[in-house]
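These notes concern the structure reproduced below.
Read from first to last, the chains carry the letters A, B and C; within each, the first residue is number 1.
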Amino acid sequence: MSTGEEGIADRIGAFGHEAVRNGWTTERFALLGLLGLVLVAFGPTFQVYLFTEFMIIALFALAFNLLYGYTGLLSFGHAMFFAGGSYGMAMVLRDLTPHVADVVGSGIAPLVTFGLGAVAGVLLVLLIAIPVGWLSVRLEEIYFALITLAFGMLVFSVIIQNPGGLTNGTDGIIVTLGITEIAGIEFRLGDRQTYYFLTAAVVLPSVYAIWRVVTSPFGTVCKAIRESPDRAAALGVDVTYHRWMTFVVSAAFVGVAGVLMAGLANVASPYHAHWTTSAIPVVATVIGGATFFAGPIVGAFVFLYVRWGISRFPALEAHWELFFGLMLIGVVLYFKQGAAGGLLMLRGWLLDVRGAYDRGGTDAAVAYARESASARLGRTGGPSETEGGERE
Amino acid sequence: MDLSVILWFVSIADIVIGLSLGSRLFLIAVGLSLIFGVLGVLNFAHGAFYMIGAYVALAVTNHLIDNFWLAVVAGALAVGVVGVLIEVGTIRPLYERAEGELDQLIVTFGFVLVIHEVVRFVWGSQPYSMDAPASLAFSVSIAGSTFSAYRLFVIGAAFVVMAGLWLFVTKTYFGALVRGTSSDREMASMLGVDVPRLYTAVFFLGSFLAGLGGALSAPLQSTSPALGDQVIIDAFIIVVIGGLGSMFGAFVGAMLVGLMQAIGPQFIAAGHIAIPFVAMVIVLLFRPEGLFGGIGE
Amino acid sequence: MTTVLETDGLTKRFGELTAVDDVSLAIQDEGVTSIIGPNGAGKTTFYNLLTGVLEPTEGTIHLREGDDLVEITDAPTHEVARRGLSRSYQITNVFEGLTIRENLQVARISHDGRTMDLRSRAASDGPINEEVDRLLDLMGLTEMADRPCDALSHGEKRSVEIALALAIEPTVFLLDEPTAGMNSTEAREIVSLVQQLDDDLAATFVVTEHNMDVVRDVSDRIVVLAEGAVLADGTPGEVLTDERVTEAYLGSEAV
């Protein structure tokens, strides 16, 4: 170890040390996160686009995980709600924009129509989710996965069928967000930066709302049902009804993600309803760690940014699915906690390193880091189910 | 009902096409059902297995030896071996887990992605076609419609495989072990059945059948990396309709779905997609055990 | 003495087999009633009928609710529980991945009819957690309240399970083999716990049990089931000296 590196380690350690000692609370870190969020908006256009997509997929996966990680039901048909949101939005924009302009004036019509489209998208999703959920929650485990898959593909085939010219068949519906004018200032809603802020303004409150759902009495009962449905029933919980309601809440938030996707992709596509789209939140959630609230968010981040990273290498670009396949297998077999669990373990480890630093300075910290790392690497890769902190 | 009334809506040609589709679907669905019936594993990668069978058969005829029948055997065996490797390496550790069924589904879905990419890496994205064996490269005329003899041969092959499996499961010692283990794993284990080995053997058999189906179907369809994703969903529909775990159910389900796909589009444009899913939903809701239960039925 | 739970001609057949055969019983609110019988006598099926897990072939079940006996014969499990019939399981059944505190929160949320409550926070909700704290204290679990249940010993899980069942403030508490898998010291502790709870709480306790020492110590009344039917019914003194009872047990052991 050269003195230069020790210097850097020293400085980073000292900085982190200072920050924590000076009372860096969760709020301050949240503020830092918000600042970062604003900074991203001024990055390269593609990065803004990518981060917008990440937020949408994160919401999609988070809402999916209400049903999977929290209630124990694996849906392979959540794409139907993603598409429901997309198509609700797209149909309103296509058919109602002139009428809205008649009422509110053409200046703010695009913005108002977008709002109406969002409401329509979520309502359409509820219209599908209430009956489909009522029927699906009668089944469990594999059978639940299969029936949601079937319902999802039914929605897909309805879209392809193009009833009454509503869905425009395999081409889907082009989404044009238009130019809004408020008090003489024009802005394009579809502008990457504007849409980024719009997405953040919808996704952040949605994430908070889902957090409130999982920490509420409702969410606590969900977790109990995941652990033991018959025990929950013996305590007076109507398990089927509770699963149904969870299904509907989960679907509604997926619908919000679908609404946002229509605006980002500029199209409501039948592909949004295909079962391969249903697989996206499954992959993101499992890789991220279904037992943690933030797991799906971490998973969505990995999903989009690893894909982007792979696309930097032309030789690998076409084969990013291979990587996710291997990760999926690896996580399920060896590390059920997923990436979020990994991050928590890393945090615990960093805290230990800091403890060593407090006791004996840089040398002790480096020695501890080296020892614990080699101990971990030397171990065989068995399941580490018991490690990694709190479950949600 | 008067048969001629049905025939007024549906031609003999449609029925033969439907049975031909059904035969190919049967060969993939029966292995899926067999594996679920004995191991309790719903193998999402089964469609990918079918696809490997087709590709291996293609590769053998193109590069190794121009013998169709050897290529079919090679395709089936290759998939059987792949199946065994996957079962032993990644599915076996999950049998004892509490929520193992869903974990198995997710792991096998991981293999869907992996196999898809490996296939694309080795063979590229372009579709391949394969010639039917020379001995069957002639046409047959039925009720005014012309069919390739190979198409009729595959229908026949599905019937032969069904009969063979039925004899195998009901008449042989191994079949008795399979039936016993599928109905009560603990009891079979106590009676001295080597359950892990039996599971691997069944997984081999199921995978082998998927490979056989893929290889036999190669002359009837274009083989591309999207093939696996298409057929696995059909296979799910079939095993649900027929009854997860039932081989006879897989046969009836496959023929029904084949006919629905051949005839459906005449009534609703997207009918070939929608009708099978409607049937699947109805069966799941009203008879989740399927039309036929039990491995030996 | 009032009747809290009553079965009339309760019968369950599985095909040819009659698992519960014309059982008519009235459980009174005083003392602990034990239901015993050799293996396969129909105890577990009887419990599953009472709690709505299985539907009876014939007969009725009534449960006390205030001044009335309400019919619960075909009610689903969760409704039976809400009406005041609680149970523990032979193989401990708690929410393994949740902490003890969360386990009890679930029971209180259910009892208070707040399973659809999305606004409050379970962890800091006053009415829910006051009762949870009281139960933790009652069962001596306060110290370990934040430990996940999958990290507990068998005996500790048993305590959590009893606390869970009590948390919904039952009229009748069915304990299914409460000493299964326990040594004699632990079994004795369970006996005194059940007796103490029976004295302190409004709930009426019904116990199935294998261990004859436990049965003798804990029961005020014993009902013997054999081949699905009531063979004997009375005080421990009467029943345990009954020749037919001895015969039923010895007979079963001889098999």
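FYI, a contact is a pair of C-beta atoms (placed from the backbone, for glycine too) under 8 Å apart; a residue touches a chain by one contact, two chains touch by 3 or more.
The model shown is predicted, which means the values in this text are computed figures rather than measured ones.
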Exercise. Can the chain contact pattern be summarised as a line, a ring, a star, a complete graph, or none of these (other)?
Worked result: line
Exercise. Taking each chain's centre as the average of its Cα atoms, which chain lies closest to the overall Cα centroid?
Worked result: A
For this session: Averaging only over C-alpha atoms, locate the centres of chain A and chain B and give their separation in whole Å.
Result: 35
Seminar exercise, completed: Between chain B and chain C, the Cα-mean centres are separated in Å by 49
Exercise. For chain A and chain C, what's the span in angstrom between their mean Cα positions?
Worked result: 43
For this session: Hunt down the residues of chain B that sit against at least two other chains at once, touch-wise.
Result: none
Seminar exercise, completed: So, in the complex, the side of chain A touching chain C is made of residues 212-213, 215-221, 223-224, 226-228, 230-239, 242, 245, 291, 391
Problem set entry | Partner chain B, residues of chain A touching it in the complex | 72, 74, 135, 138-139, 141-143, 145-147, 149-151, 153-154, 156-158, 160-162, 275-276, 279, 282, 286, 318-319, 321-322, 324-329, 332-333
Seminar exercise, completed: chain C contacts chain A in the complex at 51, 53, 76-79, 81-82, 86-87, 89, 93-98, 102-103, 105-107, 109-111, 114-123, 125, 128, 148, 164-165, 167-168
Exercise. Touching chain A in the complex: which residues of chain B?
Worked result: 42, 90, 93-94, 99, 101-103, 105-107, 109-114, 116-118, 120-121, 229, 233, 236-237, 240, 244, 268-270, 273-274, 277-278, 280-281, 284-285, 288
